[in-house]
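Shared chain: chain A. Partners: chain B in the first complex, chain C in the second.
Right, the complex of A and B next:
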């Protein structure tokens, strides 16, 4: 799958970037292409492009705060989780997402 | 950015002076107090009590313990004079909320200047955080014996 997402934590110093790394690493293991935009204390980095969002099959928002630019994902399937889930159990997250997608007709 | 500048910036954020491998602390607050004192005596923060308050505020917002004994408490604080990282290791396992439920013995305290316009330093901190979420790197971290080895591991991987 093509997956895009956003990560953002309360202080925007550490967890935002760990979550990003974990989502990308585990995503690759499951054969996904993952692009994560970070919204941290120094602002937005790796901003998602319009084309990337258009091509995405799924959006993952790993955030503990309100993220900006959510309207970009209108009409997309969105999974929203706290950063802890992305950090603690990224593989289980992908397994769960796949199971849910497969159970839908 | 060239390699040389990266190394220069690295040494501004992390140095041997800010590493203490024999922390006496036996609790989370004692760990934070001891590392805060290290930052204070080396001129990285202006007020210990105020900084500790800011770090503890962040602690209440969510889990800062990662996996395999590593925690990354952090304070974005007006009392920080220079963005930096203090590194400590305790003899005793410290009770600390963590991602894998295990206690903590290596603590990397991030001190972030409230109005740091130098994104280079904050980016270095981000890289350290990402490095410390890598299981293999954590395992290496646990067996290193000297400050030099720790600095080397960090600088080599950033």
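Right, the complex of A and C next:
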């Protein structure tokens, strides 16, 4: 699958980026193409492009705080989780997402 | 229901907005104080660079409640929440309700704006006026008046009551007096109760009574030191008490504490308010009691560890500070629960996680 997403944590200096790495790393193992935009205290980095969002099959938002720019994902399938799930259990997350998608028509 | 309101997420959003402001303002005050600056009273007269730094820091601390309220309201209601949220924070400042008042105001006005956004129907031609005029005006009037006239009243009563209580206590046992003053100064981490105690101590300083000032300084440092001690204990005894992000906050709070800035503890207290407030207040009260009993006095109103040499009994002060901080630290260590959602540093093995709540929304 083509997956795009956003990560953002409270202090915005560490877990935001760990969550991004974990999501990408585990995503590759499952054969997904993952692109994550970070919204740390420094601001938005690696901003998702319009084309990337358009081509995405799924959006993962891993955030403990309010993220900006959610309206870009209108009409997309969205999964919202706290950052600790992305950091601690990214593989289980992908398995769960697949199970969810398969159970839906 | 509670889960749907996402109170924690809104509070965390406010903290993430507030952190850079607290750190910058706190360090400005500390640097300014150390270089001999004071708050500028009259900008028409000449003032020094250190005084400019202190004043900027104090102005920044004054922005705390508005930024907290604005960020909470923004997190709840998106952009239309920002303006009314900032206003509620200003009211909290004006009536002396501090950061707790700001949080309360932010939540109330945020949900009110969200309610207006969802349920207030206007004719087509007025839709453009909704975010620009109607929502900010109605929410500011309704929640603003609520803050001024209803929520403000008990806070003013509490402030008045405490002040007269303190004045009447002055003649009795020194330990009790020091304990009350210390407890108050630590109770809300630089908020209105702390300001009452602080004002009281500063007032007595002008009368030539130095002891309450030392208690105030001690009580401002006990919370950050106590939290740091509980963290060190948890590391030494290998019992997890803080999440990784809380540990990062403690690493910021400790050096701020050295400079007598208590606000660094707020992010840790906000997540576990009862345990942290009770532990910090107890430690500061006992430390304050000893400091008062031993007759430690400080002729300088602030400056943290750096002005200890200027005190009348510096070693007794340090001893009282140590006692208070250790009590707070041990209490926190014993009382705090192991964090439920601890982040793993870097493990390839994943522990089992309950992901049944996760839904793919279309």
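One rule holds for everything that comes next: the second predicted complex is superposed on the first by the 105 of 105 C-alpha atoms of A that agree within 3 Å, B and C clash if a C-alpha of one lies under 4 Å from a C-alpha of the other, contacts with A are read in each partner's own complex, and residues count from 1 in each chain.
Everything below uses one rule, namely that a contact is a pair of C-beta atoms (placed from the backbone, for glycine too) under 8 Å apart; a residue touches a chain by one contact, two chains touch by 3 or more.
Since we're looking at a predicted model, the values are computed, not measured.
**Student:** More chain A residues touched by chain B or by chain C?
**Tutor:** Comparing touch counts on chain A for chain B and chain C gives C.
**Student:** Taking the superposition on A as described, I'd like to know which of chain B and chain C A:64 touches: first, second, both or neither.
**Tutor:** A:64: touches chain B and chain C.
**Student:** Considering only touches as defined above, state whether A:81 meets chain B (first), chain C (second), both or neither.
**Tutor:** second
**Student:** Looking at the overlay, does A:27 come into contact with chain B only (first), chain C only (second), both, or neither?
**Tutor:** Touch partners of A:27: none, neither chain B nor chain C.
**Student:** In the superposed arrangement, does A:5 touch chain B (first), chain C (second), both or neither?
**Tutor:** Touch partners of A:5: none, neither chain B nor chain C.
**Student:** With the two structures laid over each other on chain A, which partner does A:41 touch: chain B (first), chain C (second), both, or neither?
**Tutor:** Both partners, chain B and chain C.
**Student:** Who does A:17 touch here: chain B (first), chain C (second), both, or neither?
**Tutor:** first
**Student:** After superposition on the shared chain, which partner residues are touched by A:101: those of chain B (first), chain C (second), both, or neither?
**Tutor:** It touches chain C, and chain B stays clear.
**Student:** Give me the intersection of chain A's contacts with chain B and its contacts with chain C, in residue numbers.
**Tutor:** Looking at chain A, the two contact sets intersect at 9-11, 13-15, 18, 41, 64, 84, 87-88.
**Student:** Which part of chain C faces chain A closely enough to touch in the complex?
**Tutor:** Interface residues on the chain C side: 9-10, 12-13, 15-16, 19-20, 74-75, 244-245, 248-249, 267, 341-344, 350-353, 355, 358-362.
**Student:** Which positions of chain A touch chain B when the two form their complex?
**Tutor:** 9-11, 13-18, 20-22, 40-42, 64, 84, 87-88
**Student:** Enumerate the contact residues on chain B facing chain A in the complex.
**Tutor:** My answer: residues 58, 61-64, 66, 72, 74, 76, 99-100, 110, 112, 119, 122-123, 125-127, 129-130, 132-133.
**Student:** List the residues on chain A that touch chain C in their complex, please.
**Tutor:** Against chain C, chain A makes touches at 9-15, 18, 41, 58, 64-66, 76-82, 84-85, 87-93, 96-97, 100-101, 104.
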